[in-house]
Amino acid sequence: MSADPAFDATRIRDSFAAQSLMQTFGASLTRIAPGLVEIEAPILPCARQQHGYGHAGLTFALGDTAAGYAALSLMPPEAEVLSVELKINLLAPAIGERLVATGRVVKPGRRLVVVSAEVEAIRDGSRKLIALLQGTMIPA
Amino acid sequence: MSADPAFDATRIRDSFAAQSLMQTFGASLTRIAPGLVEIEAPILPCARQQHGYGHAGLTFALGDTAAGYAALSLMPPEAEVLSVELKINLLAPAIGERLVATGRVVKPGRRLVVVSAEVEAIRDGSRKLIALLQGTMIPA
Amino acid sequence: MSADPAFDATRIRDSFAAQSLMQTFGASLTRIAPGLVEIEAPILPCARQQHGYGHAGLTFALGDTAAGYAALSLMPPEAEVLSVELKINLLAPAIGERLVATGRVVKPGRRLVVVSAEVEAIRDGSRKLIALLQGTMIPA
Amino acid sequence: MSADPAFDATRIRDSFAAQSLMQTFGASLTRIAPGLVEIEAPILPCARQQHGYGHAGLTFALGDTAAGYAALSLMPPEAEVLSVELKINLLAPAIGERLVATGRVVKPGRRLVVVSAEVEAIRDGSRKLIALLQGTMIPA
């Protein structure tokens, strides 16, 4: 129920905790609000591409997960969320201490939820936008 | 040089071996041809989403990597490859023993290489298409 | 009913005829089969971009319409089709006598239909792939 | 030169005036600023889909053109702009008196310019977001 965001937060925290990939990446949920979810993760040695930067798969996984839970935060209590499709533009290499992915609901809906996500890299205390995602989630 | 595919294969194998995320996922290069690269990986316990299926981040990472190396296979010897943008449609859950991602060059180019990738799940010996990617790579 | 493709063809022909934009572009349905629809159009003087080539909006409109009717061809008799989202990669300028858009169903479904489309330019009798689309349609 | 936005405006106005499709759609440039271009158009009888709403091809064409000129506004004086790829999510039918497309540069660059666009429908004086685009432009 949107009147009880605490419930949504628990549902999202439990689901997130069940995603082994998020644990592999050392990711944590840092913000849950109706229609907005933020996830942070370090760029671990296990998640790199060939130049030692964060792999696009890491960036995508964080953005997808943040956007998916942003969608779930506005879905009915019994729903689960599925990613239908996502488009990612990679703007800069994933270099820094950690990544922050912020997922947002652009348009809620009973059948389809349109979402976006930004992924930023934190390096020496400054933030840089490194990826932009736009896509569609559905209740499952 | 496209006249010497062995060279390209070495370049791609070396670059792939330097991607720690591919090792984390237990992925291996199973086919390298001019304009086509195939990568296989099991769905490891460390790469799951909340229902125990392969995470969309795993599927994306394999498709992106296969498509990127397909692009690299047609680039000049000194080039490296960067993902500019990718669109993924997730067609079915990643369930099975392993995933096979096949990346292809749709249109080569000096400045931009348009690529696609299919990701299939192998389950009890049968293959099922689970994701389709379309995107753009550039030489770096 | 997929057992009666003639019915589907009529439904698609009627819907296509009601699209004024297709008339503005001089487009015609040239092939209707289960899961595949082809549309042809000249590159009219009214549909150009600043260099006199076909506008990306023309290419997109043909690809979207072909993909949408490919989806509709597999939907229940009473359904109509809506475009949810589409990604287009523009591979070459739209130069030539006419464009041919071929829409295909990649994965049918009750709730979501994943589609692709290719747009080719015909110039002096030869065909060139100028755009690739991938997207999602839903029954409405 | 970004120090002389008047020059850019003229370049964009001239290029826009040469796009016959924009004339066919009755479109006009309503705002030009560094990194932001707005285009308005009525939903003319010639640009409809089968239910009498604006065709997705109209919505896409306005969004693509606004995003392209937003990119051009930040390019060197001699450059022209080409659409590489665009992703559109259609959020609601194009119903109303007119559409307003606002294109923005998300990340400028010498080789690639990442853009977004929003398309809104104006109906009885109220605005509704009907489409969101994200894509890539290059100097040509």
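For reference, chains read A, B, C and D in written order, and residue numbers begin at 1 within each chain.
As a convention for this text, contacts are C-beta pairs under 8 Å (C-beta built on N, C-alpha and C of every residue); 3 or more make two chains touch, one makes a residue touch a chain.
These numbers were taken from a predicted model, which means no experiment stands behind them.
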{"item": "Pair sharing more residue contacts (C-beta pairs) when B-C is set against A-C", "value": "B-C"}
{"item": "Subunit A onto subunit B, rotation angle from CA fit, given as a multiple of 5 degrees", "value": "180"}
{"item": "Classification of the subunit A:subunit D interface as same or different, half of numbers criterion", "value": "same"}
{"item": "Between subunit A and subunit B, centroid-to-centroid distance (C-alpha), Å", "value": "22"}
{"item": "Interchain centroid distance [CA atoms averaged], subunit B/subunit C, Å", "value": "29"}
{"item": "Centre distance in Å when subunit A and subunit C are each reduced to the mean of their C-alpha atoms", "value": "33"}
{"item": "Set of subunit C residues in contact with two or more other chains", "value": "84-85, 87, 89, 135-136"}
{"item": "Complex interface listing, subunit D residues touching subunit A", "value": "87, 89, 91-92, 106-107, 114, 116, 129, 132, 134-136"}
{"item": "Of all residues in subunit C, those that touch subunit D in their complex", "value": "15-16, 18-21, 23-24, 45-51, 55-58, 60-62, 64-65, 80, 82-90"}
{"item": "Interfacial residue positions of subunit A with respect to subunit C in the complex", "value": "84-85, 87, 111-112, 135-136, 138"}
